[in-house]
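You will see chain A twice below: alongside chain B first, and alongside chain C after that.
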Partner chain A sequence: MLKRLVTSREAILLGAIVVLLGLIATRFPAFVAPANLANVFNDTSPLILLALGQMVVILTKCIDLSVAANLALSGMVVSMLNVVAPGVPVPVILVVAVGLGTLMGMFNGLLVWKVSIPPIVVTLGTMTIYRGIIFLISNGKWVNSHEMSPAFKAFPRAAFLGLPVLSWIAIFAVIAFFVLMTRTTLGRAFYAVGGHPHAAVYAGINVGRTQFWAYTLSGALAGLTGYLWVSRYAVAYVDIAGGFELTVVAACVIGGISIAGGLGSVGGALLGALFLGVVSNALPVINVSPFWQLAISGGAIIIAVAFNAQANRTKGRVILKSAEHAA
Partner chain B sequence: MSTTSHHVPDRLQSSLQRRLKSWESLLLVVAVAIFLANSFASPYFLNAWNLSDATFNFTEKAMIAFAMALLIISGEIDLSVASIIALASTAMGAAVQFGADTPTLVAVGLGVGLLAGAFNGFLVTGLGLPSIVVTIGTMSLFRGIAYIVLGDQAYRGYPESFAFFGQGYVWWVISFEFVLFAIVAVIYGVVLHKTNFGRAIFAIGNNPTGALFSGIRVSRVKFILFLLTGLMAGVAAICLTSRLGSTRPSIAVGWELEVVTMVVLGGVNILGGSGSIPGVVIAAFVMGLVTFGLGLLNVPGIVMSIVIGALLISVIALPRLWSYWRRG
Partner chain C sequence: MIYQTHAEAEDVSPPIPILALDGITKTFPGVKALSDVSLSLYPGQVTALVGENGAGKSTVVKILTGIYQPTEGRILADGTETRFPTAQDAADAGITAIHQETVLFDELSVAENIFLGHAPRNRFGLIDWAAMARMSREILDGIGAEIDPGAKLRDLGIANKHLVAIARALSIDARVVIMDEPTAALSHKEIQELYELVEQLKGQGKAILFISHKFDEIFRIADNYTVFRDGQFVGEGKIADVTNDALVKLMVGREVANIFPARPPGRGDVVLEVENYNHPTEFADIGFCLRSGEILGFYGLVGAGRSEAMQALFGITRASGGTIRIDGQEVTIRATADAANNGIVYVPEDRGKQGAIIAMPIFQNITLPSLSRTSHNGFIRLAEEFKLARDFTERLDLRAASLDTKVESLSGGNQQKVVIAKWLATMPKIIILDEPTKGIDIGSKAAVHEFMAELAAEGLAIIMVSSEIPEVLGMSDRIIVMREGRIVAEVAHDDMTPETLVRHAAGIT
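Entry: the complex of A and B
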């Protein structure tokens, strides 16, 4: 039991993060000061939120490449809403952002479920469509800090028990997803659908509908993150979070979520995101150009997926292999 | 239908041809319709030089799309092609700084493309990793290297003779790129439809295990396909760099989407096993005409990408919805 715990994916990743922090601390002790670590966590919160949604989608053998575009569109809509009607309270803004993100996620899910288009094609397509719609509604203009109302910008920064609201939302989402994935039938269904779709059908699980719910969750989180993103950085334009979908997939793959579906955990997604968060925050500290970021996350994806493949190689004989190909 | 024919073709070939016939003719109708719509919408469309310019919208992407078609038919995918262009272009730009001449630049472009393709192929066939994650990873890695080398700078100063690949004309309005596109199309068409190697690609895409048991070296074929895709990305990098005359790390960003769209629009099954090169050729013209026509109407590039994205989804969705509706 203890051995399994120590050699688990999450423990190895946690060890890697601790070693990484230790290495940085030898030269820059200020980096591991509690206040700075809290900053790093806060900075990584959007990635954690998106990685949780992506995890669920990947567990069901799908992928969501439209999360960053969804985030940007939701963020732009609430920013423009805030410019037009500065009096709209933050809870309403939150509802609008989450609702819009949910609808976009549902659209992905419906195309996968009802029209059975391969997930990669669906989300590659909606990625450009959502991104293009931002241009259409904004005419390519920016919504700048001075146009946003103070309440709109203050929400993610407001401190509560020593941490900003943004961090609390990430913490709450991690707990909620932990409960969802380990304590509910829907959570079980996500694993079942990805682990063995045919067996899931015989167990009475609707595979398509489960994937639809996965996309809906991912979309809802992307919408929520959209508002948090634009209010935290106090700017909204067409290209915000451009290419961030790859970072999100990277966080999941590093966190040990198998792209083949059915394998992964909330802890893995959290640690995968934190790993990338520590790296991206440490680069400027150790005086490495931020231009290294892209190559590092690419290398991390490849190493992680190679590592996963070694760890997950099935031991023993596969009986009734042909059953897997039966329709 | 097949019962009345005297010639007894083999099963795979016949079903493929039937399927493709209808899809290709449908595409051709779409292409002609867009052509007519364009000539009505803009008075500048029907001009030999304008039409020649329009071909630059798709020739580079289409050359990658042919190799990508083979790869997708075999059941794999390569999302790193646009990043390979960035890497190859950066390498050529760096070579220029050391005073490389045009033949050396071409060798560098093709060589980097081959190396990148070999790296993808090794990870997928050697280590047995899923190509979609591997190439999402190399997509970041290859472009990331271009960013490390260039940062916010750009390479310029390509030799004068290098400009021919992207800006040269062979005869009247016929550009070098268009000729290259036509030659590459014929080569890939012959390889896919007339050789044992092409047959093996279809076999692998339909049933990899079955193909293996029929004596096809599945891993080797797939490795060669990744090599070819990398090579074509290298060719596209040479043409594009020559056409632009400079290299930035953001070169060809988002092209992987357009290349995959072109392949899928051309009737290649995204899940592997079927497709044709003539289909991809017509799809290339369709996409080139759409983007060029929209450009003449002053539609901004990002709106065109909405059209491309919608095209990608609807092209796959419509036949499925159609059969869904017919079944009732």
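Entry: the complex of A and C
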């Protein structure tokens, strides 16, 4: 199992992160102190959660551009709920956030499955719709820190065994998704559908329904992250996490999840997110301008995609050979 | 001097071919597609290229049109050696082809499709749309096609698309026209118009290479014939000097002895009965029964509706009517899951497209349709899964470093074994093998045949769709021949000869 998890691509990415940390350590040794690394991980946790959901969607040859909007809407709804009814306990808030996110994910999934609209169009549309709804329900107003109840804000920060709950949620999600992807029939179906939709049909897998479940999972994680996000930053407004969907997709691509579907792993998504997390946390510390931060992320994406393309090229040759046999 | 002149006159008497292949060999990794073949095309004459599926006809077309490069041998244009490094070079040399599968653009107009790449230009160097429409109209009228040049290709039916492909081939001022199964998608009336067109082209002194499985067409319009078998040249001559029978013999004539496993005929109980099975467009009146332990061959030309009927039985497409009984019980098959639950599996022809998921490891491919058996509440039991996969890879003698190996790194033969193992692992009663050995090497073929015999001996009922005559003859207990979506003959074991099959399949009376 371990051998399969650490396939070469993940190992290379892990190496890249270690090298990056090493380089940063030469300028700013405190960055690699365990406590700071834990902070970086905590900071990256929302990205990890979203990247896990996005990974499943991309594996099935789809894409979910609505995750950030879903996050923002779920976050706004629970914030307003908290303002109206400060006594509602956190577990209920969590259920509401996850439930709402799940519904939004299901809506995406249904449009892809039953109406056969291309995934990029569906989620580009719902991305705008979800953002629009935030404006409608909030009238464009912010929910600020002082309006939120202390318990609402404390949850993600509460320390447990030395780590904040936010970090624990990300760790738990990584483990759960690892089990999902490697040990369940649904996880297998995600790979089969993305790897080869035709063959999946022949094997009795419903391609559309599998994609629907992928969106549902992605939506659920976006909803969960929505609550964690607004409570952690103690603010909710129309534009929170604006453009974050692209960071999420970038994390997946850097993590070796093939945009063509069927290839990728939980480890890859995790490392891709961590890579971006390290870059965005370290560069300001060592006085690198935000412009370079973008350039480095962009460079990493292109290198990762070039790497994928290279891997796929050998695959292409093999297919061609068998095609020629048949000629 | 006088003697020499005389000799020259003798030499010239057969016209120099416009285009000729001389001693052409084409090898692909592991496979020799053509071995030392020759072919001559003369001006104003139609040469029919005849051969079974897999004889190498399509490879020849690809060499003539610059898509493939010959491994050995010469291409001669007007007697001088030449090469076609790219498709454009072949087109520049005046060679145009109407391919079996038309390569056209759905979102472009008919006229744009016809003139793509060589559109008429106006004096500013821009596309002259009016001229293009007019010229398209002329060409289409010339072949009797009532198609609006401005229509989007996507809005045309399959037959009209084919006519557009023909018009495209004619829009290039060609000296050599290659027609690869040009009538496959056409109606009777359109075929008649195509014949007239061929006559016109002959009159213009063009050389035509006509590839067809239909003997009536060959005898109707060809002047010469060339026969290939298994990638080798076996004969050529004038159509006027040959009979139907002689041509069939040339095409199939070979020993079918002893390379297939000997096995007793299957005489088990009837497991599958199909009656009056219909589809709106693909097949009609399909009826047959299948016994356990039996191998039932389905022979026919490509496009005879065999795979389509089998796919309906497997629930990939929906039949419009008919009865299916399994072990005497009537069943309904609406989806692949229904078929699998009733013990039917289908191993598709195109492994690349429909078979294995090449980015997945071997064991995951094998267990994919059987996961419900090795899982509990949606959680996979890995140990059981591995055991299932190992059982079947061992039975099939599949050699790989580990079951964790991705299928993409396996050879074609081993990939085929993965697909077969995948379906056997579902423990079926009836297994449908569609072209089980297409495109795999001889050694793997023998292994697959051996294994089919074993399965039949264990009581599995097998339907084998195959276009390879030796395979059909060597493996089947009975053979059903299909043509144009219908069953035209059921050939009992004792009556099976290559000639019977070809006659029924090609509709020779």
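Just so we're on the same page, the second predicted complex is superposed on the first by the 300 of 327 C-alpha atoms of A that agree within 3 Å, B and C clash if a C-alpha of one lies under 4 Å from a C-alpha of the other, contacts with A are read in each partner's own complex, and residues count from 1 in each chain.
Everything that follows uses one rule, which is that a residue touches a chain if its C-beta (ideal position, glycine included) is under 8 Å from a C-beta of that chain, and two chains touch if they have at least 3 such contacts.
Predicted model only: the values in this text are computed from it and were never measured.
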| request: Report for A:Met127: first if it touches chain B alone, second if chain C alone, otherwise both or neither. | output: first
Inquiry  = Is A:Arg27 touching anything from chain B or chain C once the two structures are fitted on A? First, second, both or neither.
reply    = neither
| query | Should A:His146 be classified as contacting the first partner (chain B), the second (chain C), both, or neither? | reply | neither
- Task: Could you tell me if A:His196 is touching chain B, chain C, both of them or neither one (first, second, both, neither)?
- Result: second
- Task: Based on the superposed arrangement, let me know which partner A:Phe291 touches: chain B (first), chain C (second), both, or neither?
- Result: first
Chain A residues where the chain B and chain C footprints coincide 325
Counting only contacts in the complex, chain A reaches chain B at residues 63, 111, 115-118, 120-122, 124-129, 131-133, 135-136, 140, 238, 246, 249-250, 253, 259-260, 289, 291-299, 301-302, 305-306, 309, 325
Chain B contacts chain A in the complex at 77, 123, 127-130, 132-134, 136-145, 147-148, 151, 209, 249, 254, 257, 260-261, 264, 270-271, 300, 302-303, 305-306, 308-310, 312-313, 316-317, 320-321, 324
As the complex stands, chain C meets chain A at residues 28-31, 33, 58-59, 62, 314, 316, 335-337, 340, 346, 348, 351-361, 364, 368-369, 371-372, 375, 378-380, 382, 404, 408-409, 412, 415, 422, 438-440
Touching chain C in the complex, chain A uses residues 3-4, 183-186, 188, 191-192, 195-196, 198-205, 262-263, 315, 318-319, 321-327
